[in-house]
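Take a look at these structures.
Heads up, the next two complexes both have subunit A, just with different partners, subunit B and then subunit C.
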Partner chain A sequence: MAETKDIQKKQETQMQHGVEPTRAGRLFTPPTDICETNDCILLTADMPGVRPDGVNVMLENNVLTVRGAVADEHSDESGAAYAEYEVGDYERSFSLSEKIDADNIEARMNNGVLTLTLPKTRPSHRQIEVKTG
Partner chain B sequence: MNGFGWQGWWSPWRRLREMEREMNRLFGSSTAPVGSAFPPVNVHTDGDGATITAELPGVETEDLDISVRDRTLVLRGERKAPELGGDHKWLRHERTFGQFARSVDLPFAVDTESVDASYQDGVLKVQLQRSDADKPRKITIKS
Partner chain C sequence: MTFKNLAEKANGLMPWNWGKQPVRVRDERDEITLARREDMGSVFDEFFESLLPRRFGGGRLASSARPMAMFESSWPRIDLEETDSAFKMTAEVPGMEANDVEVTIGDRSLTIRGSKTTRNEDRRKDYHVMETYSGSFHRTVPLTAGVDADGVEAHCRNGQLTVTVPKVAAGNQAAKRIEVK
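Right after this comes the complex of A and B.
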């Protein structure tokens, strides 16, 4: 019987000095997978307790920011007799080295997992014809 | 799921978890979670029952198996890795996948007929009622 091992404890997001979140409560860094294919970058982030309408994705100056606000029905974890996880919102930023086609970013939220498909902008290949004479 | 069989009291995983718990009790601080167990669970109790929530993002309900017996709730399942076809290169790999099995010991015997489970936004919620036989009974003293 194989067991999943070493699942890390939820990591709290470190805010930059002087920057404060608008919502009270904890803020966590969602564990994220990023995978690159020939024509896109795929980003998958675990944000349990966040509904599709609680997700906010922004791309500005090649910095991608993902935010997830935990839904009210999942946020009441106070007074637990026994607790292994804490509940809070999620936030994480990534700097992108590739040029991304911002208009065609696709976001999907399913069972607490956010999947972003970031299409790379295609460099325009133009063959220059060389004439003789 | 077929009963409990060999996964009973002497199951090696159970022993391991007991040891882990004991180690945490001896060396860990009181706020430290039980450790690397997946999924992490929270337990809320009241006089009539308990609500157990677990963070299980990205698990399909058909890959999840919940069973209750006496004072133990067992969560078992698999978090399947997404299938990526063709050419791809990992830039970051922080999420983990695979099979998991966890048992949660409860402070009371459960009424197995009235277990209610729901899964929403990657959070599993199991509501358990205390069995009537387990509830405290007021004893009247005859004069």
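Right after this comes the complex of A and C.
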């Protein structure tokens, strides 16, 4: 069973050296899908137990950081008969390429799934007039 | 691996002890996937099962106790709490609406099933990263006897499913006296 448990465990977020979390408790990496369409990149992160007001999305130096605070509704652990998952907050960072229009990123939280829409910047085609003489 | 190690290992794989009885937590996912998985695993499972002595039940092992089950994880993850008055099961089902999850209560078991469709499978080629679970699921949790099937309540909120199964009050369970003629 020990092996099975290890596999079932949520992946914990590795904190960078020298960075301390500001909330007690576990911190997990949310499983994420990344889909690219013609005009945007869609990012879907599973964060069960996180309310829409518990999500925090930050963009700093082209690094997009997603945080989700879990509202712990688990009662006292003494009653636990069988447990497969642990409760904790979620955090994950993504580095964005230059091609993302950072001003128009949209975030939507629905049923514990965070969907981020990252629009691509349109290459600005500008014809340069060539003059003679 | 020696035979003794193998036997101990197989024994230790039982998922959880309920009243010292091995309890089986069943996991059946997308049937196509399952069929393929069984193809892969059955060769190994049959080999391991052939090594098991009769006192471990002989024959087929519970699916979660099969050696190949070690390499799979179940979706959704579930927690079960027991209090004096009720069982409370919680499951992490991100992206699921209340209508997407079917909860059934059997004689001694609680089953949840449904299908997670947050990913657009028609556009698989557009995905750079696919980490979330996608597809149908089916999990069964065994319960002890004496639950009140009419009083079961299920809520789905923020991607978290909570099912509360009240126990039958002790008074109703009192032994019935049989008249001796």
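In the analysis below, the second predicted complex is superposed on the first by the 110 of 133 C-alpha atoms of A that agree within 3 Å, B and C clash if a C-alpha of one lies under 4 Å from a C-alpha of the other, contacts with A are read in each partner's own complex, and residues count from 1 in each chain.
In the analysis below, a contact is a pair of C-beta atoms (placed from the backbone, for glycine too) under 8 Å apart; a residue touches a chain by one contact, two chains touch by 3 or more.
Since the structure is predicted, the reported quantities are computational estimates derived from the model, not experimental observations.
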Please work out whether A:K120 is in contact with subunit B alone, subunit C alone, both, or neither, and reply first, second, both or neither. neither
Scan A:R26 for contacts with subunit B and subunit C and give back first, second, both or neither. neither
Examine A:T37 and indicate which partner it touches, taking first as subunit B and second as subunit C; both and neither are also allowed. both
State whether A:G49 touches subunit B only (first), subunit C only (second), both chains, or neither. both
Could you give the residue numbers on subunit A that contact subunit B in one complex and subunit C in the other? 1-4, 7-8, 31-37, 44, 46-51, 71, 73-74, 79-85, 110-113
Once bound in the complex, which stretches of subunit C touch subunit A? 12-16, 18, 25, 64, 69-74, 77-83, 87-88, 90, 92-97, 118-120, 123, 126-133, 141, 156, 158-160, 162
For the subunit B and subunit A complex, residues of the former touching the latter: 13, 33-34, 36-45, 50, 53, 55-60, 79, 82, 84, 86-101, 119-123
Complex interface listing, subunit A residues touching subunit B: 1-9, 31-38, 41-42, 44, 46-51, 71, 73-74, 77, 79-85, 110-113
Subunit A residues touching subunit C in their complex are 1-4, 7-8, 10, 31-37, 44-51, 71, 73-75, 79-85, 110-113
